[in-house]
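Each of the two complexes below includes subunit A, the first together with subunit B, the second together with subunit C.
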Partner chain A sequence: MIVETAAATESAARTGDPILRLKAVDKFFGDFAAVDRVSLDIHEGEFFTIVGPSGSGKTTMVRMLVGMDKPTNGDILLRGERINDVPANRRPTCMVFQSLALFPHRTVGQNIEFPLKIRGVAPAERKARALELMAQLRLPDSYYGKGVLQCSGGERQRVALARALAFDPDILFFDEPLSALDYKLRKLLEKELKDIHRETGKTFVYITHSLEEAMVMSDRIGVMNKGRFVQIGTPNQIYANPVNRFVSEFMGEVNVVDVERGAAGSLVDRLTGAAYQSPAGDSEFREAALVVRPEDIRFLDHPDDAADNKLTGTIYNDYLLGSRVQYQVRVGSSQIFLVEKLREQQLDVARGATVTIAWDTRQSMLFATPSFTQSMVAR
Partner chain B sequence: MDDVSRTAKWIYGSAIGLLIAFMYLPMLTVALASFSRSRYFKFPIPDWSTEWYAKVYESLSIRELFSTSLVVAITVGVVATVIAFFGALAFARYDWAGRRIYQKLILLPILFPQAVLGLALLLWFTALGITPTWQATVFAHLVWIAPIATLVISIQVYAFDPAVEEAAFDLGATRWQVMREVTLPLLAPGIFSGFTFSFLLSWANFPLSLFSSGADSTIPEWISAKIQSGYTPQVPAVGTLTMAAAAIVMALGYAAFSLMAWRKSRLEAV
Partner chain C sequence: MNKLSRSADWIDQAEPRKPRKVSRLDRLRDAVRNPGFVAAVPISLLFIAGFLAPLTVVVLFAFMPPETFSLLQVPTLDNFRSIFAGTYYLSFVSSLELATCTVVILLVVCYPLAVAMVRIFGNKGSILAIVLAAPLFVADNLRLMGWMLFLVKGGVVSGTLQTYFGIELDSMLYTFSATLFGLVYIYLPFMLFPMVLGVSMVPPKLREAAFDLGATNAQVLREIDIPLAMPGIIIGALICFILVAGAITEAKVLGGTAVVMIAQDIQKEFTFAQNWPKGSALSVLLIAMGGALSWALFKRVDLDTIFGRK
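After this line comes the complex of A and B, so read on.
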């Protein structure tokens, strides 16, 4: 498969109108387009994650979606109604902030009840609802009168989520709320959040820089770069068929080899001159990136065993990654390939040992490098 | 080693002791002078008396002084705190063109010699045809005190996460509700110390009052005038009362702070 421009792959057609629709939305800061002509549909009940590196425009995007910022051009439609100019406090949506933004001078109970108090709900009813949400989020009743500053990081996350749920939003936005937590707690809360999503049936829109986090929770993921969606699809689609080098690299550590077109159906390594088979057949391009995942590379028992693509190198270093082992295999003087194996399949060789690595052509991916003129046309 | 550090501790301890003595002994002397029966200050005190306090209490003109100073200090405290509250939000929170210049301009009056500032204001009052009165004094004090109060409240503004206000707004609160439910309670300690500072600085101010008050004399002006001519132990008596009033304001402020801290710790301890 070869993709030259960032054509977004839409998921299977859905029935019904989208709850949120963006039509050619952009946001300029001076001449700089933080969000660049984005169109997007988010469906009722969906867990949609916007993922991108810092500076990709995802925070600007979510600020427009919740109503903290206005788009420069384009329309934002909520259930078909244009909401560009509706301020955040008059929108039926709310957000869990990156810093959580809990009210430090209030108790857990007062924090959760805040949106209800604003609406003028009676105190007894407010308290009942707060305790109900606390039970749902596994916060003990005794926390009701506790100051939020006395709560641990994970408990504060739950309070912030309970406060947002008390608002009963049509869409709940999340701006990287888990980024400050340690790994173990983050993993636990990711799963809890997915459970909450299923229990409430609400539409969740989540912002993160971690594709791994996005994969765990989302129904669909939109990968952003430079103010645009590079690819939109289900976690499986994005993992299996990244549309370009950026997405494939963003997914985690991968081997990227710069190649140019050789004789029919073959690729030539621009660094070493080695020949590889092209997964894209004989297509039109000059230069491209050949991407092979570390887990798709195997070690051959004998250097003469048959394989689509074969290289001989030495073990340069090895790292234990918990359930997996990663090897750096040095080929030639300056090329390093990453190879990952399950821990049980660990190699019984020392550093410096000579090994032969191989991969199946169909497990590699080829992304043409857009030439200057092509990228101008694509814009 | 042990000896050296003991010596160091001794030097350090006496330095602090001396510093405190230099600061507080003169004030103690003023208090002592006010309790002397003698018209002139002699030490040791030959004969103790509270008659000068009785005379202060009976004197209508001194009552007038206290009421002028109090009215000026309260007005300055309230107005400076209101100006400083909004000023501090502009100073520390919102980013706008000219903010950096504003931040510098607002600090400048603090650094002016007060006598020069007072003279400048007097010239302006004269040019504008404003008669120097206690109202002019309030204005003169504000020029110097509002910037200080702004700095005091700014510290509190810097200390809190603006996302908290955004969150309240996002959860449906109006601008006014955000102010009442979030901004004001979170800035309360800063507002409180801003007011206390403003009140005390105005209460004790001499140079600005001297140039601006005209016929409405304040306590520091009266003390200064009486030192130059017509000294009686009423002067230290008034001075002692002035200090006592300032001390009471500070004590009340401290008590209010302790109460807030105690309520907060109870909130957190549950």
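After this line comes the complex of A and C, so read on.
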């Protein structure tokens, strides 16, 4: 049964016309393009997440999509109709705000009923719908008459979501609603939100600065930087094939080695002079970044074991990350590699021990783009 | 026996600590030394000497026999009886009528102004505030005299109209409308500033959220703006109502004999009629009305939320 529903959603997402289409949309503030010629299709029923660092234009983007800002150029089409000039209150979409924007002078029930009251729905019907939504979001009935300020952070999230669902939007937008919560609650609500998406079958567009959060929930992810989409794809595609250094670094902790072109397709470490094999063959560049994920680096049992790329260093420090252990391996005087292992595969060596690390060439990535840090400073 | 266990023995054998006895005198001394108490002393003394003491005298005089000047007599309700038997209710009605009209006009005039100052002018709102507060630096009597010159027959308004347009106007002075105009003009800042405070307490995000959930501008105003600005609105309305109910100058200067407010009656009893007990009784009734209104409204408004303590 569940498999069928999932298949139906999947096919709707692939075949039908997009529910929301952006055609070369710009948003200028003075000379500054917060959103820079963005084109995008969002499909019916999909969970689409826009990820980007602060200042990447994602909030400006969502404000245009819900109708609080107008694009400078370009068209926004909802089911094929241009909605650039339709104000937020006449669009069949709504948003869960970062601050939630619950009405403090109203009870939980009144907050949830607000969109229905606006439409003139009869009080009895409103209450029935509110209680239905509260049950769906696991808010006890006794909360109906409770003030929203008396609710905890997680409960407020649920009230805000229930209020948005009461509006019954075609597309539901989220502007980083989980960012203010503690880690444990955030993890719980991420999963709940994905469940709600499945139950309601609505189109969700979610904004976040955490790619990790996006990975958990989304059908598709769009990574934004400097007002443009750098990469759009499924979580798997983005994880496996980041298009550039920005995306690969944005995903989490990775090892980035500055290299320059050596003889016959080899790479030379600019810091230590060590030689590596290039995953991209003998491509045209002078300087580039070699990216290796901490979990793709292994420790060699014996320093003479065969490996594509091999380095000898000392264990500088180790961190227990729950199910995984991360090691800082210092190579030479100043270069640090991060290596991650499952907890069961923990090394039986002390800090300061000499180890040999290695990685397969096909698991490394080579990008000829400026680094994330540099691009952030240049802004 | 090692060191650790010995120290444990010592803990077991120790007498349980008793709380130090605090006498009432100690507590009083602590309270008096409290900086809050010390800082509150000057204003408390001023409050007692300048407000509570005269108020007590007025309340006591209200129960003394008519036309006497001593507080050491047998209390009586004669003053109140003669007030209710006479035509003083007319002055009360006219005061309350003017107060109500003034407050209603001020609510309508000040709300858009407050919204403009908070939301549209932004940082430049303070310039508008200075402009609006500037008249407060000129004595209100003088400003009212100025209006007299404007409104009197042959004054600025009617004189100009007659000379240049041939329209003949009777004096606009000494009418209910002129008095109402004067009251609205004088008490505008007292309504505006609390209201600005109230309007600035409405988070813009909540308005956006309501709008996003399908509310029209009118619905946002009714459901979000006004309820959330209500503390400021109520404070402003209350201050204006009480001040206008006790106002005297505006009615005297611009109302002449057409309008008699209750404060004029009170003044007459204390001065011309030399009947302190009756003047006191009228004052007590006015204070009681203002007090009842304040009490009723403050039960609905939490001052802590206004000063951002919640």
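Simple rule for what comes next: the second predicted complex is superposed on the first by the 355 of 379 C-alpha atoms of A that agree within 3 Å, B and C clash if a C-alpha of one lies under 4 Å from a C-alpha of the other, contacts with A are read in each partner's own complex, and residues count from 1 in each chain.
Please note the rule applied: a residue touches a chain if its C-beta (ideal position, glycine included) is under 8 Å from a C-beta of that chain, and two chains touch if they have at least 3 such contacts.
Note that the structure is predicted; figures quoted are calculated from it, not measured.
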Problem set entry | Overlay on subunit A: subunit C relative to subunit B, clash or fit | clash
For this session: Give the label of whichever partner, subunit B or subunit C, reaches more residues of subunit A.
Result: B
Exercise. What is the contact status of A:Ala353 with respect to subunit B (first) and subunit C (second): first, second, both, or neither?
Worked result: neither
For this session: State whether A:Thr107 touches subunit B only (first), subunit C only (second), both chains, or neither.
Result: first
For this session: Go through the superposed model and pick first if A:Leu342 touches only subunit B, second if only subunit C, both, or neither.
Result: neither
Exercise. Once the shared chain is lined up, is A:Val66 touching subunit B (first), subunit C (second), both, or neither of them?
Worked result: both
For this session: Pick out the shared contact residues on subunit A: the ones touching subunit B in one complex and subunit C in the other.
Result: 66-68, 87-90, 94-95, 97, 99, 101, 103-105, 114-115, 117-119, 163-164, 167
Problem set entry | Residues of subunit A that touch subunit C when the two form their complex | 66-68, 87-90, 94-95, 97, 99, 101, 103-105, 114-115, 117-119, 163-164, 167
For this session: Flag every residue of subunit A that touches subunit B in the complex, lowest number first.
Result: 66-68, 87-90, 94-95, 97-99, 101-105, 107, 114-115, 117-119, 142, 145-147, 149-150, 163-164, 167
Exercise. Quick one: in the complex, what on subunit C touches subunit A?
Worked result: 203, 205-206, 208-216, 219, 223-224, 227-228
For this session: Please name which positions on subunit B make contact with subunit A in the complex.
Result: 160-161, 163-164, 166-174, 177, 181-182, 185-186, 264, 267-270
